[in-house]
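Across the two complexes that follow, subunit A remains constant while its partner is subunit B and subsequently subunit C.
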Partner chain A sequence: MGNSCRQIGIVLPLGGIMRDLGTLLIMSGFAGAGLTLWLGLAWAPSVSIDAFEAPISQKIFYWHVPSAWAAMIAFTLLFIGSLAWFIKRKEWGWNLHVASSEASLAFGLMAVWSGCIWGAAEWGVPWDWTDIRLNTFALLTLLAIFLVLGRKSQPDGIETRDTFATFGIYGFVLVPITYLATRFWQIRHPGPVVATSEGSLNSDMGMVLALGAISFTMLVIGHTICGIRLTKMESRLIEIQDIMDKEGI
Partner chain B sequence: MADTIYLAVAYLGMLTGLAIWTWTVLSRSKNLEARLDAIEASLNNSEE
Partner chain C sequence: MPDLLTASGVVIKRGRNTVLNGFDFNLKGGEVVVLAGENGCGKSTVIEACAGLIDLEEGSIKTGKQIIRDSEGRHGRPDSPFGLCLQSDCVMGDELVKERIDDVAALCGKSFDSQSLLNQWDLGHRSQDRIASLSKGQRRKVAVLCGVLPSAIADDPTVILLDEPDAGLDEASVSRLSGLVRDIADGGHGILIASHNSEIIACADRVITFDDSIVETAPSDGVKWKINSEPVKKSNIGNRLDRRTLGSLSQNIIPGMLVIGALLALSDPTQFDSKMQIGAILAPALAAGLCGEPISARLTESRSGDWWRSMKTIPPNALLHVLVGCALLTTLACTLFGEPDYTLIAVGGGLGMITASVILVIHQATLRLQRPNALMIRLLTPALILPWAILVDRLA
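What follows is the complex of A and B.
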């Protein structure tokens, strides 16, 4: 019994700093996202009525672009976590994989959802199956769905982790393709608007967009930190239960 | 007007998704923390 408690005592401290930091980042991110929403609607200049079919709907841009940006950060973290687990068998790598796959799914769905709504307003159709950017991003989001749901349906183990980590590693190929898609094959999705050879965004619009990007970065990092802590706690709970079972407590 | 409705639907969907997800993560975390505390307390009691 004393032995089991010592073992459990080692694994129980869970780092209140991580919880506080994660929560602080999420709350700050929410505040920044709220401010972005307000500035985008009330302060940022409207786009030219002639350039867009639905100029008011264009204001979704202030959340759509940052959510896609946050999804890309999450997919990059997923890649790092998957590599760390697959090559070095690092426990933190697996925790990062789990947390960032959930973040990828949430932000990926937000970007797809807002994009579909904007597409319906601007193009008259919510989706274009011939557009490379749309479809590679959708594939990335589907990959995140597979990773999150697949992991929940499988018992945890080295084989399961290796399988999902492999998908996390190979799926990352789609990130640079998605990023560069509108530069090489601009079909329907608008091309880059910041610091391009054809000029940049209006400075007020750029400032609101930058605030959105910073806020969503805080949100994705905060959520990933909280997710890592959650995964650690789940693993520790299983570990303690195993010890208790073995010792018949 | 339809333009505004599209914008509202998009923002509401994203806000709701973000809020539900955050709530889920924080409540799962709180729940697990409580379970771990309860296990630790029961082990300490049984040790005494």
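What follows is the complex of A and C.
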């Protein structure tokens, strides 16, 4: 399980490149996210005061939508990693599962909290238990919490990996439901405004939103690359500990 | 004699280790095979794999042409019932001694005079006692009897899997067991035993020691062991256990009552609009269902759940009691927050039972983990609030 110590010499140069790429993406992503926030608050036009109950709070949209987008990317990576481990027993699959579950948690929480803040201002309540989009997205985030905390509670092994990979695979069922929820069962969450004939997004608003989406995509990919590297290092550490245990050091 | 059990190229990993690597094995009818070897060599893993309890990385395990488990994830039930006694006793403390023996026989579709069998094994005076009140040795006897019983009542040759059956038994019982093992083999059944005990090893036809050596021995013959039995229908063990332990009352009904109490204390039912009213009426059933199925927690006791899982049958459960309990809670809530409505009562009962079933499935999905109790399964339960909220919305 994991890379053997003999492979360390081969893995390190590639690992170094990936670390640099991961760090670069995270730093660029942070810069882009910061710029998105500034542009969203200071430059992007406000929405019509007739269209919303709390028009100023709509600005949180520049944070909420990109973080939800990044969370969806992370959930997709989680599904790919879980599938690769469960079916092919690929070590990279498990590393991807671990890293993307943590990314899913981070970005999922960002989207849920920012959504609650906007909901409290716009609807008067932070949550609606009957809205499919809100609840399925929250469930995905709870699944990510379950995977991250649950994995830390179990010793690493084939049983642990199989069980959590199964949850990662079945949990992905919620992703298309979440995506389609506002198209088929719109209850309270606003419908799509991008890539739809009914969309009414101002071009300046769209530009800031696109910058946010690109920045958050860089952030989630960078986060995942760094997470994979960290997981590999943890596996290597456990292997070294096992060798030390066997040799009675 | 035909092969009753065949393991081909079995590779099993547990935790970070490969326990079995390309293990091949066959068990013929009328044969006693003992797995011997030092601790950690894989004896119990072989027994549990043959019972279909462990996922295989490679290879397959079959009885006749029926796959028990293979590396593709296929698993099935043996053509005839088989006997299993794991290292843990696999019994729930709330089961009665005689009742447990009768339930194992009922799984094979038979009933017999279990009292006389218990008398032979010096357990007759404890037949109506809860297993929790027995000594460790007595509990082990019950577990061993449950393991070997299918061979005495089955019509066809069957497989008996015993993992350290002698552990905790006194010398007289071990002698009785080793004699019984030969008697079982004489009936054409195949027995696979993991043991260090010299008396058990002495009654083997073959001893596998896990260092690539197989020792052929020539044990004495036994006398065919057969108990007269009658066909019988299976009974609902879970509901019977729940009536005895009142598990659904304490685990489901009382939390539902507390929800009703909290709603009455914090709100004025006369001010409820129709949505709030239906929400309040269905909330106790939801809370009761979220507390889970009451027998499943007891199945974690001494790996009782694993035993039921290996039998490829639905484990004991009291979902019917949860259904009735939730319907009663909804009736009470209807009376307090509105008017009795048969539709709402039926919905409440169904909601509670479905919710408890989902919790049960999530619980079952995590049992393979080394520390299932350390897991925060409740984090996933909000998944069940959405159906309740949609139901309330639609009914209002």
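FYI, the second predicted complex is superposed on the first by the 233 of 249 C-alpha atoms of A that agree within 3 Å, B and C clash if a C-alpha of one lies under 4 Å from a C-alpha of the other, contacts with A are read in each partner's own complex, and residues count from 1 in each chain.
Quick note on the criterion: contacts are C-beta pairs under 8 Å (C-beta built on N, C-alpha and C of every residue); 3 or more make two chains touch, one makes a residue touch a chain.
In this text the structure is predicted, and so the values were computed from the model without any measurement.
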| item | value |
| --- | --- |
| Touching partner for A:Gln154 - first (subunit B), second (subunit C), both, neither | second |
| Which superposed partner A:Ser203 touches (first subunit B, second subunit C, both, neither) | neither |
| Subunit B versus subunit C as contact partner of A:Asn135, first or second or both or neither | second |
| Which superposed partner A:Ala121 touches (first subunit B, second subunit C, both, neither) | first |
| Superposed model, subunit A: greater residue contact from subunit B or subunit C | B |
| Subunit A residues contacted in one complex by subunit B, in the other by subunit C | 1 |
| Residues of subunit A touching subunit C in the complex | 1, 89, 129-130, 132, 135-136, 138-139, 142-143, 145-146, 149-150, 153-160, 162-163, 166-167, 238, 242 |
| Residue ranges of subunit A in contact with subunit B within the complex | 1-2, 4-5, 8, 12, 14, 19, 23, 26, 30, 33, 37, 54-57, 59-60, 63-64, 67, 102, 106, 109-110, 113-114, 117-118, 120-121, 219, 223, 226-227, 229-230, 233-234, 236-237, 240, 244, 249 |
| Residues of subunit C that touch subunit A when the two form their complex | 13-16, 55, 57, 365-366, 368-371, 374-377, 379-380, 382-383, 385-386, 388-390, 392-393 |
| Residue ranges of subunit B touching subunit A (in the complex, touch as defined) | 2-4, 6-7, 9-11, 13-14, 17-18, 21-22, 25-26, 28-29, 32-33, 35-36, 39-40, 43-44, 46-47 |
